[in-house]
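Heads up: the structure comes next, in structure tokens.
Going by the order they are written in, the chains are A, B, C, D and E; count residues from 1 in each one.
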Amino acid sequence: MEAFLHQVLSGLATGGIYAIVALALVMIYQATHLVNFAQGEMAMFSTYLAWTMIDAGLPYWGAFAGTVALSFALGIAIERIVIRPVGNAPVLAVVIVFIGLLVILNSVAGWIYTYTIKSFPSPFPGGSVLGGYLSRHELGVMGVTLGVLLLLFLFFRFTPLGLAMRAAAQNPVSSRLVGIRVGWMLALGWGLAAAIGAVAGMMVAPIVFLDPNMMAGILLYGFAGALLGGIDNPAGAVAGGLAVGVLENLSGAYLVGTELKLTVALVLIVGVLVVRPSGLFGRVLVNRV
Amino acid sequence: AAQKKYSPGASDSEIKVGNINPYSGPASAYGAIGKAIGAYFAKINDEGGINGRKITYITLDDGYSPPKAVEQTRRLVEQDQVLLVFQSLGTPSNTAIQKYLNGRKVPQLFVATGATKWGDPKGHPWTMGWQPNYQTEARIYARYLLENKPDAKVALLYQNDDYGKDYLKGFKDGLGAKASMIVAEASYEVTDPTIDSQMVTLKASGADTFFNITTPKFAAQAIRKAHDIDWKPLHFLNNVSNSVGSVLTPAGLDKAVGLVSSYYLKDPTDPQWADDPGYKDWLAWMKKYNPDGNLTDTFNVFGYSAAQTLVQVLKQCGDDLTRENVMKQAASLKGLSQPMLLPGVKINTGPDDFYPIEQMQLMRFNGKTWELFGTPIGG
Amino acid sequence: MTAILEVSGLVAGYGAAPVLHGLDFAVPQGGVATILGANGAGKTTTLRAVSGLIRPAGEIRFAGERIDRLSTEDIARRGIAHVPDGRGTFVHLSVEENLRLGAYTRRDPAGVARDFERVFALFPVLQERRRQQAGTLSGGEQQMLAISRALMLRPRLLLMDEPSFGLAPLIVREIFRIMRAINAEEGVAILLVEQNAGLALELASQAYLLETGRVVVAGSADALGADDAVRRSYLGY
Amino acid sequence: MALRGGALLNVRDLSIRFGGIVALDRVSFSVPEGAIAGLIGPNGAGKTTLFNCLSRLYRPSEGTILFDGRPLLAAPRHRIAALGIGRTFQNLALFRSMSVLDNVRIGGHCRMRAGFLAHALALPRAEREEAALLEQVRLLIDLLDLGPVAERPVGALPFGTQKRVELARALVTRPRLLLLDEPAGGLNHEEVDQLRTRIRDIRDRLGVTVLLVEHHMNLVMTVSDQVVALDFGRIIADGTPAEVQGDAAVVRAYLGTPAA
Amino acid sequence: MTAPSARQWKVAGLALLLLFACALPFLVSSYRTFQLTSALSYAIALLGLNILTGWNGQISLGHGAFYAIGAYVAAILMDRWDVPYWATIPAAGLVCLGAGFLFGLPALRLEGLYLALATFALALATPQLLKSKHLEQWTGGVQGIVIMKPDPPFGLPLDQDQWLYFFALAVALAMFWLARNLLAGRIGRALVAIREHPTAAEAMGIDIAFYKSATFGVSAMFTGIAGALGAIVIQFVAPDSFTLFLSITLLVGIVVGGLASLSGAVWGALFIQFIPNVADQISKAAPWAIYGLFLIACMYLMPTGVAGLVRATAARLARSPRRP
């Protein structure tokens, strides 16, 4: 029983990092109706920027704020420079651009910072809580995740900008007709997604250590979590991320052993999606004729 | 003087050496080795080359993918016409190209993998390993355990690939009849974000000994996680990941106290070598030839030392730079010691012995440096 | 009589070959103009060019200023609302969100709230369905939504592409009554594309007949209504 | 009015709701074989929903639909076309990137047999079928004046033309019952006259029974043998055009008194 | 005498191309021949993925899995039962046809991103399953299987690489012929219809469930055959050969080559075979950054792929001279 509880707790801890990555994916999805496969590498790159700032002597929170701001700007720049020219291209062409971006960021990070792992400081230092199975940092990550979730929720629910952003992603032509600056909405969406990604990266790095491949696996789980919860629902994405963490742990510990735990977790997720094709908490959208 | 004899890739002025390395993909951390080798050859060339011949080093990326390794190797052999393929990295990649190279009678020399299958002169006379193989190392820990903690309950964490499984096999072989000491095994995939869940499971097994068969990132995670969940087993760490600078420091030196590992190279981050002449030469070389390289990264010692061995072999070849002679010379290294090998560790090969380095020394981490104990031992 | 919208030499199309070959027309200040024409004549294309959805050549002036180089969003922000053909519903948003988007550029919350009341009074079904996913409305209901969304912008000029499309006869009359009212009471100018030529000519003061991208007849609505050819093919008597 | 035989379509007590909205409320009516029946009603009355039930896109909560005496609700969606019900859509549902010719050819799908293997191996069976289809499609394309645009991608054609493509596509399925959802939408007077002739031709020459949803009263009242009126999902009138046109409930809910 | 029709031009062009393809192995080194052979196997795999994604609109991020299954079927048959190499090709195709169809059944309910995730999962799970101890006795576990390279039959005066090239060329021609036939008529139209408007497709009598699963099967069959060919060419299969990266590469191939285009599969295969090497030549420091730039540049310049560009250029050329 104790072991079970510990598996659940450590699953939640890992799930916490999936959840925050899932939030970044939800953000970009709401703004562009695409899932940005380069999101993880962008977060990784932001984290290296933070590391560089801290290495240069900046205090943690200074580097944190600096990184979030810089990532926001970089996100906008990427949209304007890299994504805009393929704005009218077929979806898969855009996906290929994402893949291009992914390999570029990964490769450049490896080139600049090498592939040796680096430790990254936590804003929530100190020992463990809850009987030693959750570190203070992991708890902090959950707090941050919930904070970001709340902000996103308020943003999309109550601000005209949030609504305009969703509208621009869905129907750019009609959005223009009501006066929405669609181009800026996309850029802003990228900026916000990059900023959230930066937060995610800085929360993840203390756990998995900083290296250019740090986000590869996590992005996948974040993706799975976001879809499991419903990609149009930030709260669902967080729940989905946490669920993936726990599910993976439990299937590893009790179902099949560690060798196939990922496989089993994925089969379960896909199974759930087959039954609920828009995710657990996603809205069922009807396209009628 | 003996008559000059050349195979493709060698001439009066040049020796072409090919290499494949994962400069991209999940194993790209190893790319440092390929670069270090190139940097060492640059130094040799600056110093006049080998018997007056410059080394042309052609290193290609295979992204740790066997099909790509085959393609790149064929390019090295058929297009670039290298004399030999040196330090090709990774068990899967080397397995993929072994048949081709042996069929073509091209030396596959000093492969950069610790799998056990590379020392098979009968079956694959053109393939030779270099580093102590994983099974040897694992057997050393097993022997230590049988001698010092015969009633241990052991938990294992290994990477689910040939590297992990080789260690596993060596360890079990080493324990022999007492393999039942192993009470828990867990594996992970390189794509896993963390191994936290595995660590929790292993702790729950009640084990008091932990054999940590992981690559650097996961090793650091495991060391930290064990500390965080207050699990204090006798902790064996495979030498793949025992770098003070790139594993123990990120994990937290205080959390690594008491770790047991083994080595055959000098750890560049270990203060005990600060005044060692071999280390100082290495450092000078790093500064001059590999300035982008990471001074804490043992891969830079590994590549440096492996390249030194090849240089020795090529020197021994003299003017007979045929592929046959390269293999012959590679198989006649006797008691060779190198500046960055641990004192006492010697390189020995023979027509029936394709395992150049077979000794390692156990060591324990004291919070600052590794303390060697005992003498270099073979498996 | 000054014109709020003046178009001259309008050439526009999709890709290489133009669809419109130099149109000249105008919408009087506070007036109603209508464009008639057969299927594929270029009526929709004309409206798209005016609101910048396709890049035109030629000159388009709105309230005296050139708008033919402006982006669609800037044109909308100047007060031109467009009820597009096919309705342009945000199908995955709720009815209320669709309407809120209509008022996106406005900064007078009180006025917006009043306009919500106004469109709900016009189309009570929209109020009943304010939380419904707009894409699940019936075709006619979506048409009502599109018109309401345009009204929420508080436009100075309304571009209407077949507003009666898919609406029940009763509602069609209602819509025309509304157009007449906002035109008369609020001075909103209207450029109307409509298949129901009888109603359109009744509402409009100016009328243009389009054939394969050219204005072939232009004049007062009454004159056009009296034209034999127009009568036969567009009015049916 | 020349009706052959009994009811081709028989709808009994059909109900469907979406959340709180009752879109169809115990709707019952029938259409005799060979008739042209108009279906009218205010926006949101449930006309398209009824069509969607007939083509099995929606699953009614109650009621039955008999087509040629057999229960329709037992058939899977993709069998509907083969059973003999063809339709067009209110807001167009064409395959936008395909040419007009290919769009129309898709209509033949349900009448063809050759499968993956026959096509992959280019067996004569498959080729014969394709040739026969092409012939039939060419005829219809000519009939509906689509010849000049046959090779053009359908997405860029004028609305009215696209509607004709849909009609052609539906006819290639060789329906016994044709469901037309607002075919006159966006057509001018002259074009509506053509449409009227076409609908009659389809019934008279091809023997197809037609169920027509339309807000264009002139068209409905002149072409239909029978008119059914819906309001809030309920039948409020069912009879000859004249009867329905004069029906007080219909006037109140739908037609209104013509503006003075 | 009339001028040759477009069709005749096309036939002549293809014949010329075929002639060129047959001459190639005698003109280039055996290393290049080997690369071309491997490109041929990619072309078949891309064709398979293109049928699914380009024509039918189902996005798969996991086709590497079917490539792997095909490769393993070939390797296991050759290694365990001494089945001749040529006979493993149809076997791999059949196994993948079944596997693909079965996977297609649940995948039916998933669309867009959700399908992408499911296929992603497939790509991730496959190497793990191949390693699994339960299958180890067949798959060789993490060690993989080394297989023999075939010799040319009937004493043909070809070396091994040349023979394999012609063998692969023959298989590829057969597969392209099958694909062309399949896509030209009723089936191809149904696939596109499902992609463009599923509801309308169903209303026209297309059984979406069956067609989608069957397409998955057919697509997997093509890719599996390519995998078998690839295994024979490389002479080695191992779980590490079939990572997620392979699946992504295949997707890159079809998009760069051109979606829903037969020739696109060939262009795409050449791209994924040769461009990484070119990138590697340009920058040793960060070759994948160069590769990424290539990808992005391709999408800027040819958003509809090489085939799209070729088609547009051909259309322009065909139009312009007739204009007065």
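As a working rule, a residue touches a chain if its C-beta (ideal position, glycine included) is under 8 Å from a C-beta of that chain, and two chains touch if they have at least 3 such contacts.
Bear in mind the structure is a predicted one, so any value in this text is a computation, not a measurement.
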- Using C-alpha centroids, which chain lies at the maximum separation from subunit D? B
- Pair sharing more residue contacts (C-beta pairs) when C-D is set against A-D: C-D
- Far-end chain from subunit E, centres as C-alpha averages: C
- Note on the structure: Here the gap between subunit B and subunit C, centre to centre from mean Cα coordinates and rounded to Å, is 75
- Task: Express in whole angstrom the distance between the two chain centres, defined as the mean CA positions of subunit A and subunit C.
- Result: 43
- Note on the structure: Distance in whole angstrom between the CA centres of subunit B and subunit E is 37
- Query: For subunit B and subunit D, what's the span in angstrom between their mean Cα positions?
  - Reply: 74
- Query: Mind pulling the subunit A residues that touch 2 or more other chains?
  - Reply: 103, 106-107, 110, 220, 259, 262, 287-289
- Query: Multi-chain contacts in subunit B: which residues touch at least two other chains?
  - Reply: 24, 26, 160, 189, 191
- Item | Where subunit C touches two or more other chains, by residue | 136
- Query: What pairs of chains are touching here?
  - Reply: A-B, A-C, A-D, A-E, B-E, C-D, D-E
- Item | Sites on subunit D touched by subunit E in the complex | 55, 57, 76-82, 87, 89, 93-98, 102, 105-110, 112, 114-116, 119-122, 126, 129-130, 133, 169, 173
- Could you please specify the touching residues of subunit B with respect to subunit E in the complex? 23-26, 59-61, 63-67, 70-71, 74-75, 78-79, 92, 95-96, 98-100, 160-162, 165, 189, 191
- Message: Could you list, by residue number, the parts of subunit C that touch subunit D in their complex?
- Response: 14, 36, 38-40, 85-86, 125, 132, 136-141, 143-144, 162, 165-173, 195, 197, 232-236
- Contact footprint of subunit C on subunit D as seen in their complex: 18-19, 21, 41-45, 47-49, 90-91, 156-161, 182, 185-191, 193, 215, 217, 253-256, 259
- Within the complex, subunit B is touched by subunit A residues 2-3, 6-7, 10-11, 13-14, 17-18, 103, 106-107, 110, 114-119, 127-128, 132-133, 135, 204, 207-209, 211-213, 216-218, 220-221, 248-249, 252-253, 257-259, 261-262
